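The structures come next, written out as structure tokens.
There are two complexes below, and they share chain A, which is joined by chain B in the first and by chain C in the second.
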Partner chain A sequence: MTDSLLSIRDLTVRFRLPQGETTAVDRVSLDLAPGEVMGIVGESGSGKSQILYAMMGLLAANGRAEGQVLFQGQDLLTLPPRDLDRVRGDALSMIFQDPMTSLNPYMRVGDQLAEGLIVHKGLSKAQAGAEAVRMLDRVRIPDAAARARRYPHEFSGGMRQRVMIAMALLAKPKLLLADEPTTALDVTIQAQVLDLMAELGRETGTAIILVTHDLGVVARLCDRVVVLYGGRVMEEARAETLYDAPVHPYTRGLLAAMPRLETALTPRLGTIPGTPRSGGTVSGCPFVDRCEVRLPHCATERPALRDLSPFHRAACHLTGAQ
Partner chain B sequence: MLRFVGRRLWYGAWTLAALVTLTFFVMRLAPGGPFSRNRKISPEVQANIEAAFHLDEPLWQQFARFVWGVLRLDLGPSTRHRDYSVNDLIASGLPYSLTIGFWAIVVASLVGVALGIAGALRRNGMTDYVAGTVGVVGIAIPIFVIGPVMQVIFGLRLGWLPIGGWDGTWRSLVLPVVVLALPNIAYISRLTRASMIETLRENYVRTARAKGIGWRRTLWRHTLTGALLPVIAYLGPATAAIITGSILIETIFAVPGIGRHFVDAALNRDYPLVMGITLLYGGMLILFNIATDVVRAILDPRIRNER
Partner chain C sequence: MTLLEVRNLDVGYKVPGGSLLSGPRVLPIVHDVSFTLEPGRTLGVVGESGCGKSTLGRALLRLIEPTAGQVLWQGQDMATIPNLRQRRSEMQIIFQDPVAALDPCMTLARIVSRPLATFEPGLSRREARERAVEALRLVGLSADFADRYPHELSGGQAQRVGIARALVGKPKLIICDEPVSALDVSIQAQVINLLMDLQEKMGLALVFISHNLAVVRHISHDLMVMCLGRVVEHAPRSPFYARPLHPYSQALMQAVPEPDPRREKGRIGTALPGELPSVLNPPPGCVFASRCPKAADLCRSTRPELREVAPGRLAACHFTDAP
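== the complex of A and B ==
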């Protein structure tokens, strides 16, 4: 793919722990076109957030990323800190999970927004401040000019996440990484915040990678979905394909566990039995313990990610047999 | 902000009043008086002396006299140091205590904070190791051990600095200031290090890093405020304690400060002097605590809004 904005090749993230090394992300490869919205879904510990942290150079001190993350032709993993700082916050920005603690409590909201513009775009304090107010207005903070002079504790959770969105989109990034941006928010405002993010993304032509465990959110917003399990890509497809014709047993299990309006009140929600294995390196398919249709060699042979159609890939021995 | 300070001063004044009142009466509960002696003196002489200091009046009248004096900034005559008023004694000793205390707290905060930050940024590195060692040594070894050891090394062996007394130059300041600062360097550096490490883990510091504004800006604008708030909270009472609590230092280094008066006055039942020094120390403690609160309120908008 020559027109890709982002091209991740064999990204592996490992953490050194007292009891040994653990692999959080295992040879993940992804491509993203400009303006595209991609969802990464998976349960807790599937490594979905760590992909984003690795890209931003924000891995914990005991974490290490290998492979290649080509963003606009530069490998983010090998970039010296100074050059990485030129990219992040400018062409590449990120929204975090917890808006309550992600803003600096000691700084005025407007100043926190303006700061990035001053550093990256060389704007004066006044210009950057005016831009910040305009952006706050666009994320529908009422009375933005006065609000910009306030501190984070004077904002509600939903408003703080909108401030984070404003901050992330202020520099008109090419790619926005959103790490479960609505998990910490009230259900009633989750949709509102997500729609706002998607809308502004479209306006600025920003591509988005949305990490979530909410398949409903993904269905609404994403062009393409990547299903992650045990740090590996299980299945990747266009959103509608994934919902209509999932092939991987894990994807099917996830979809069966999702409440749907049309089948409401029928027996019980499906569950996937068992829990994800913690730590250790798997030689076969990471899902094998919980898979209901496993084959004898699933535990020993790693299934390759195969193309099923131009926009559909899955890593399962069963699909190879088809 | 002005109202905030005003209110704190108002409450501070009441606290001080309560402290002074309590001290006045508790002091009288202690057996003996300023002119109780082993040597017998005739009752007439005793009565005369006590009358001269108004000790023959009922207690409430003495208290009223004392309060009236405080309001006129006159703390009365010392019963022990004849011909000196308490005002004279404080005026002559306070400059020394203040000078030593001021420099000690300046040295302790600068060195302590710097060591703490360096330790937190390069955890388990050389600086961290050295700072940690200094910390343990500074806290574990008491002043009355470090003081004489320093006197022997720098005063007697090397002959670089005077071992005590006051020659009016910076040279006689060095040893007392260093010895007084040492335990505080230790404490402040440990406090700074812990608080810094905690702040570096904050989500908002991660946000700052994600903004690509460079590590310097991330450190100065996004990490230090949060990291130094607990240190500032400690500095208020510590400053008061250092300025006033240098009794040991003044004794070891023979500095003519007011620290020594405190113990002497209590032992000699020098009521006016005890009251004067209590007033002074209490006032200082309250003032420095208010100053700390004001600085914290300036730095932290959440504290500001609470009041």
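== the complex of A and C ==
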């Protein structure tokens, strides 16, 4: 694709452990257009966060990434650290689940915001400070000018996450990576943060990759959804397609297990038996031991990610057979 | 017979006084909560962080002393009930972080049988172990789990062990304090279904505490919504979900993200601005007035009483009428 902002090819992330090597992300390929909002959904151990960490060069010391991550034509995986620093915090930024541990507790919030602008955009301290206050105001921090002189511990959880968003969007990045940004927040505060991401993303034309375990959050924000299991892409589709007509047994299982507010009450929620697998290499489909419709060769043959329609891909032997 | 009756319960925590010389004062957390719970029923308690829902859960078992009001267990006042330590076998609790709730140095059989040392001290080690294995089986864990340690478990399995430990003394009530919030979606559904199965099988009453209205809907017969330590709405499930009456309940409902993109896209931009006031500095009027789209001067000055607005439906709002 020529118009893609991000093009990931066969990204594989492995970790060295005392008991040997384990694969957390297994040959994942994704494309993202400018301004697009993509959700990556998965349970714990699916490798969803490691994709983001690999892109940002933030993998743990025992981890390494292979494949290609082309961002604006540059392969982030082979970029020298100094060049990577020029991209991170500028065209590419990231927000995390826990806004408290991502802010420096010893630094005033306004100074933390201004730092990036001084480094990346060469603004003066005064200019950057004014820009920081303007951005805090944009993310609806009340009394932004006074608040900018405060420290992170003086902010509530919701406000801290809004500060993180302000920081991430200050440099008007082309791509924002969001790792479970609302998981630690109450639902009403989560709604505010999601509103803000949708609004600012649209305004600045920033593309977003939202990693979450919550199919509801994805439904609110994302144009396109990737379902990950055991480090592999199980299904990928436009949001409407994925929720209306999921084909992979794992996607179907996840949707059936979601408690809802308005559907008719069933005596019991739908379930997927067993527990999510984390990492490890399998020759067949990683979902096979939890799958209720498996075929004999699912355990031995890896199902290819096949196109079902131009915007719908799934990796399941069963869908291939249809 | 009513299993649990709560009358005008207040709960607070002792905090240091304002100055060095003044004695400790009580910071009120839960105000004037009343409800009854029958065997085999589930009360869902919903609210955001800091609303007092977990404090309430602990006070029901007298793990925290209430500051005022009464908790009646099968008609007996919990404050004066004799042998409370033994009687606690009838009322158990499970927690949000299932791994932290288990002693990492004990095998699962010992963890699960440990309460029996208090409740049934006459039991031999072998009998206690058999009871533990039986309880593990009830929650879907085979006998070969008995000699494993907590670190070998996934989050879902650890929560099952927590439930087994609660079941081993044959309880009548289990307080479930956010038991599925830390679990993966597919595991969350397994645990909710398990609790519903156990309730059916054993006639258990449950108090199910959660911040997620969608989760609570599946398991609860009645709902109680709390905001800043006060009950703002209390209603049976069906009418509540058909139309919540308190603006705070409506806001909570609106905020829950659901797996339906068309509906969710329409909800962008509908989040209420602002945050809940602090418990340290509660407003004089309605607890929700600062964020309520319908708030009037009356709401900011006078606290609305919890009143019956329709048969069986209580709401604390000046402007709510019967549905």
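Throughout what follows, the second predicted complex is superposed on the first by the 318 of 322 C-alpha atoms of A that agree within 3 Å, B and C clash if a C-alpha of one lies under 4 Å from a C-alpha of the other, contacts with A are read in each partner's own complex, and residues count from 1 in each chain.
One rule holds for everything that comes next: contacts are C-beta pairs under 8 Å (C-beta built on N, C-alpha and C of every residue); 3 or more make two chains touch, one makes a residue touch a chain.
Just so you know, these numbers come straight off a predicted model, no measurement behind them.
Of the two partner chains placed around the shared chain by superposition, chain B is the only one that A:V87 touches, whereas chain C remains out of contact. Of the two partner chains, neither chain B nor chain C is touched by A:G122.
In the superposition on chain A, contact of A:H153 is made with chain B only, not with chain C.
In the superposition on chain A, no contact is made by A:G73 with either chain B or chain C. Of the two partner chains, chain B is the only one touched by A:D98; chain C is not. Once the two complexes are laid over each other on the shared chain, residue contacts for A:M56 go to chain B alone; chain C is not touched. When the shared chain is aligned, chain B comes close enough to touch A:Y106, but chain C does not.
Put chain B and chain C next to each other and count what each touches on chain A; the higher total goes to C.
Overlap of the chain B and chain C interfaces on chain A: none, as no residue is touched by both.
Those residues of chain B whose C-beta lies close enough to touch chain A in the complex are 202-204, 206-215, 217, 221-222, 225-226, 299-302, 305.
Residues 43-44, 140, 156-159, 186-192, 194-195, 198-199, 213-222, 239-240, 243, 253-262, 265, 267-273, 275-276 of chain A are the ones that touch chain C when the two sit in their complex. Those residues of chain C that touch chain A in the complex are listed here as 48-49, 154-157, 184-190, 192-193, 196-197, 211-215, 217-218, 241, 251-265, 267-273, 275. Within the complex formed with chain B, the residues of chain A that make contact are 56-58, 81-82, 84-90, 93-94, 96, 98, 101-107, 115-116, 119-120, 151, 153-154, 164, 167.
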